[in-house]
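Structures follow.
In the two assemblies presented below, chain A is common to both, partnered first by chain B and then by chain C.
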Partner chain A sequence: MYYTSIFTDYFKTYLKTRMTYRADFLIEVVTDLLFQLTNLFFILVVFLHTNSLGGWSIYEMLFIYGYFMIPYGVFTCFLNLWSFNERYIVKGEMDRILTRPAHNLVQLVLENMDPASLFGSLTGFIIMGYAWFHLDVSFAWYDPFVLQLMVMGSVLIYGGVYILITSLSFFSDSPTGITPMIWNIQNYGRYPVDIYNKVIKFTLTWLLPFAFVGVYPASFFLDKDISQGFALLTPVVGIVFFSIGIIVWNIGVNRYKGAGS
Partner chain B sequence: MLPMFSAYIDMIRIRFLMMLAYRVNYYSGIIIYAINIGAYYFLWKAIYGANETLGEFTVLQMTTYVAVSWMARAFYFNNLDREIANEIKDGSVAVQLTKPYPYLIFKMMQGLGEGLFRLLLFSVPGMVIVTLIFQIELPTQFDVWLIFMVMIFFSFLINSQINLLTGMFAFFVENNEGLMRFKRIAVDLFSGLIIPISFFPGWAKGVLEWLPFQAITYLPASVFTRRVVGDAIYNAFIVQVIWFLFLSIPIYVIWKMARRRLVVQGG
Partner chain C sequence: MSAIHVNHLRKVFKVQKNREGLKGAFQDLFKRQYNQVAAVDDISFQIPRGEICGYIGENGAGKSTTIKMLTGILVPSSGQIEVNGMIPYKDREKFVRGIGVVFGQRSQLWWDIGVIESFQLLKKVYRVPENDFKMRLDEIVERLQLSEILNRPVRKLSLGQRMRCELAASLLHNPSILFLDEPTIGLDIVVKTEIREFLKEMNQKYETTILLTTHDLQDIEALCSRVIMLDQGHIIYDGGLQNLKDKWGKGKEVHFQFQKTYPLSTLHDLTKGLNVKWFKENELAAKVWIPQNEVNVSDVLSRIVGFTDISDIKIFETNTDEIVREIYKSGSAEKAKEVVASNV
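Take a look at the complex of A and B:
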């Protein structure tokens, strides 16, 4: 109840600030979407020249692509801590957060939340629906529920990995440049992992499990037996990584001493 | 002329040293490029599958194209548009205008310092590593390397010119963030970095041939992968030179107009 009212207040503030500059807001939403759609463009152009990518058809690829966008949108909406080090550690804003009663991570999430990125999720859902319509796969009554479970698992994986990376700021004063690196790696996850070599496949499955934010969970609905077993692991991997992220974060917060200025 | 020239050399040198000071960005940058090259390498391998050629490219040409395009990008890429827009927004451009050198050339020199840094400490070692790990084919003739070097210098010029134009737009509108983002997407997509232009459908190819973006990645990378040989190399180079000269005109005109209407808020 307490957190609901905080959420509402933050959300109102968000709307007020964004609606002050409506044109900027619109441009940002559109360009963000276009950034993501460049990869869609890649898939469409490539399939003008071939009809299978490592055994996957264009609609299967589009389905994975659409799925990939859904948890990504939810993640950027709530758990995007991209500029944490600069804003909260270097400028000392973390002091302000820690003096307040609500849990520090909740405050950070609410301060940085960006519901506009849910447009990306919606677009992804439409692309996925379009691809599904063209695919000849069975539809079970439990599919919508499984989808929710998968998306939740994927969001937790994003959350866990990025909270873990972000909490490194508590242990090292200088920026590590690790976040943009991870961000680039996550894009591997939207293509079938079988096309990569063993090292990358292993990394994407167990170390930085970005195969679980795209190809594995999506293949559950595509009746592809090669990765269906992995698909069901998505929520488990999500919970494990999110827990690790939170634990390391809390250790980090305890070590935090302030920037001193 | 001569003292001016040494001033330019210093601008390049200072930016070069500045880049050296921020080494963290350098290390993570190398890894990011390696990741991108690796991802596209395997992706294209899978796309080719059993096919020998696609979109006028052989597999070997394609993997070479991917590697060399990203390495060239390390050299020509810069954030001049953002730097200029920020200086216009915070008013510091007014101070820059009082300096005894042309502001836009000063910015270009800074961009060149940044590019040279990445070329020497990043693209060259990166290319060696990529050659060892992946199957790619480097040109064996010395003159191909030479013309390629000249061509990526023009890639830098044209890309920077486009950045100058996008950045200067901040003189006329209060927020050119959207334009800068569109530009970035356009350069990555239409320059042939993500997909070579020969893969595009016919109508799109026709349009892109009349835009400056192909001169940034597609033309030099085509020369490097030996898809373009003989006299056609000079044609590709002339296209770059023409775009360089042509883009200078709007830059000059807009700069003249912008200086007249510059209003520094607060300063």
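Take a look at the complex of A and C:
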């Protein structure tokens, strides 16, 4: 209740700020979408040369990609902490966060909220629908509910992994290298994992489970039996990784050193 | 019951030792050496409710580190802290509802939105009931004359206006303890005075305990009944400001403006037997240095006044700045006394 109420207020603040910088808002939405669409374009180019990739058709690939965009958009909206190290650790703004009576991570989420990226989710949903339309797969009454559950699980995985990485800022002075690396790895998750070699597949499934943000949950709806079992694990993996993220974060906060005077 | 209770508090930072040159940097890459630096080293003090306490010391003495531990931002390396009956870094969210914090160098307010909207947001975050909030806001707005700037975005405020808003923001939830880290830094004298008066009033009216760090000793003189002085993580003085002056004040200086020219030797002769020092200012002016506790100002005056034509007399006390500078230089209040004594 308390958090819902402050969420509303922070959201209003966000809108007010955004309205002051109108052009900036539009540019952000457009560049976000363009970025996603170039990736999509890459898939289309590949399929100009072949009809199937490791047993996956173009529409299946599109479906997975569309699915991926949904949790990704939600994640970027709420758990986007890219500038955490620079803004909160180096500049010491974490001081302010820690002297306010709401959980520090929640405050960070609220301060860095970026609802513009939800347009990405919407686009993803449309791509998914388009692909579904072209695919010959069954549609069950429970599919929309399962979709919600899967998306939630995927968002939790994303969130957990990134909270974990972000909290490294508390332990090391400048963990600059690791974020771009993880960022690259997460890109693999949006393509079917069985086209990669075993090491990458294992990594994407158990170590940095980005496969659960794309191919595994999506394959549930595609009736692909190779990874359907994994699909149902999505929420579980989500909860596990999110919990790990939060635990490490809380340990990290107690090691916060502050900056300057 | 004391508002702040600190016992053998220590905070040690691990600082990487950078070796010199390119070779050193290369060595650092493989084998790092660390230094343990104690920013706050075994300090203990208690502050009773309703007291305004000044916390002073040179840059890097450990003031901010202490404040950060008291407000729950940093976790101490060892020792006990109790503020408001709670341990600050445990259960932070509950603890911070009872304290107010102003960091002079950092803003609590939202940059892009109007001041009043920042206040509204803080009201929600601190769960202040609507009625309390209104009452408190009206009072503070009137007292700090904020009504004209309430609707302006924070980024368009001057530093003085912003500081007043910061102060208002920190008091909206009626905290029982207020921590101020350099609240008057960079402000002009008018705003400084306003802020001091406001703090004093809040302290008297609501018994708000205030702990402030500052480099401006006038803040201390105007506000604090007590001073804690810190040097390299140790407390070197804890007590009243008057006491500090009495004990370590060097003496007084009396400036004379004469109507005729008197050579220094004449003045020396007049005060023969008294341990004072004369300095010539110009043709018609001279000043005399009278050490504390040795010579009475009235003795000196009585010897001079009857025998010279005087147009004006001014008496100067050693100001706090000088005392404190002396103590900083020597590193401890005890030593400062010796230095002063040997000077005389």
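Following the convention adopted for this analysis, the second predicted complex is superposed on the first by the 258 of 261 C-alpha atoms of A that agree within 3 Å, B and C clash if a C-alpha of one lies under 4 Å from a C-alpha of the other, contacts with A are read in each partner's own complex, and residues count from 1 in each chain.
Simple rule for what comes next: a contact is a pair of C-beta atoms (placed from the backbone, for glycine too) under 8 Å apart; a residue touches a chain by one contact, two chains touch by 3 or more.
In this text, all values refer to a predicted model and were calculated from it rather than measured experimentally.
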| item | value |
| --- | --- |
| Chain A as common anchor, with chain B and chain C clashing or fitting | fit |
| Touching partner for A:Asp95 - first (chain B), second (chain C), both, neither | second |
| Chain B versus chain C as contact partner of A:His103, first or second or both or neither | second |
| First (chain B), second (chain C), both or neither touched by A:Glu86 | neither |
| Which of chain B and chain C A:Arg255 touches, first, second, both or neither | second |
| Computed vertex angle (chain A) for partners chain B and chain C, CA, steps of 10° | 90 |
| Touching partner for A:Tyr10 - first (chain B), second (chain C), both, neither | second |
| Touching partner for A:Tyr2 - first (chain B), second (chain C), both, neither | second |
| Chain B versus chain C as contact partner of A:Thr20, first or second or both or neither | second |
| Partner chain(s) touched by A:Asp223 [first = chain B, second = chain C, both, neither] | neither |
| Larger contact residue set on chain A - chain B or chain C | B |
| Nearest-approach distance, in Å, of chain C Cα atoms to those of chain B in the combined model | 10 |
| Set of chain A residues, in rising order, touched by both chain B and chain C | none |
| Chain B - residues contacting chain A, complex | 24-25, 27-29, 31-32, 35-36, 38-39, 42-43, 45-49, 51, 54-55, 175, 177-178, 181-182, 185, 188-189, 194-195, 199-201 |
| Interface residues, chain A side, partner chain B - complex | 21, 23-24, 27-28, 30-31, 34-35, 38, 41-42, 45-46, 48-50, 52-54, 174-178, 180-181, 184-185, 187-188, 191-192, 195-197, 200 |
| Complex interface listing, chain C residues touching chain A | 13, 59, 64-65, 68, 71-75, 89, 92-94, 96-97, 99, 101, 103, 105-108, 110, 112-113, 117, 120-121, 124-127, 181-182 |
| Contacting residues of chain A [partner chain C, same complex] | 2, 5-6, 9-10, 13, 16-17, 20, 92-96, 98-104, 254-258, 260-261 |
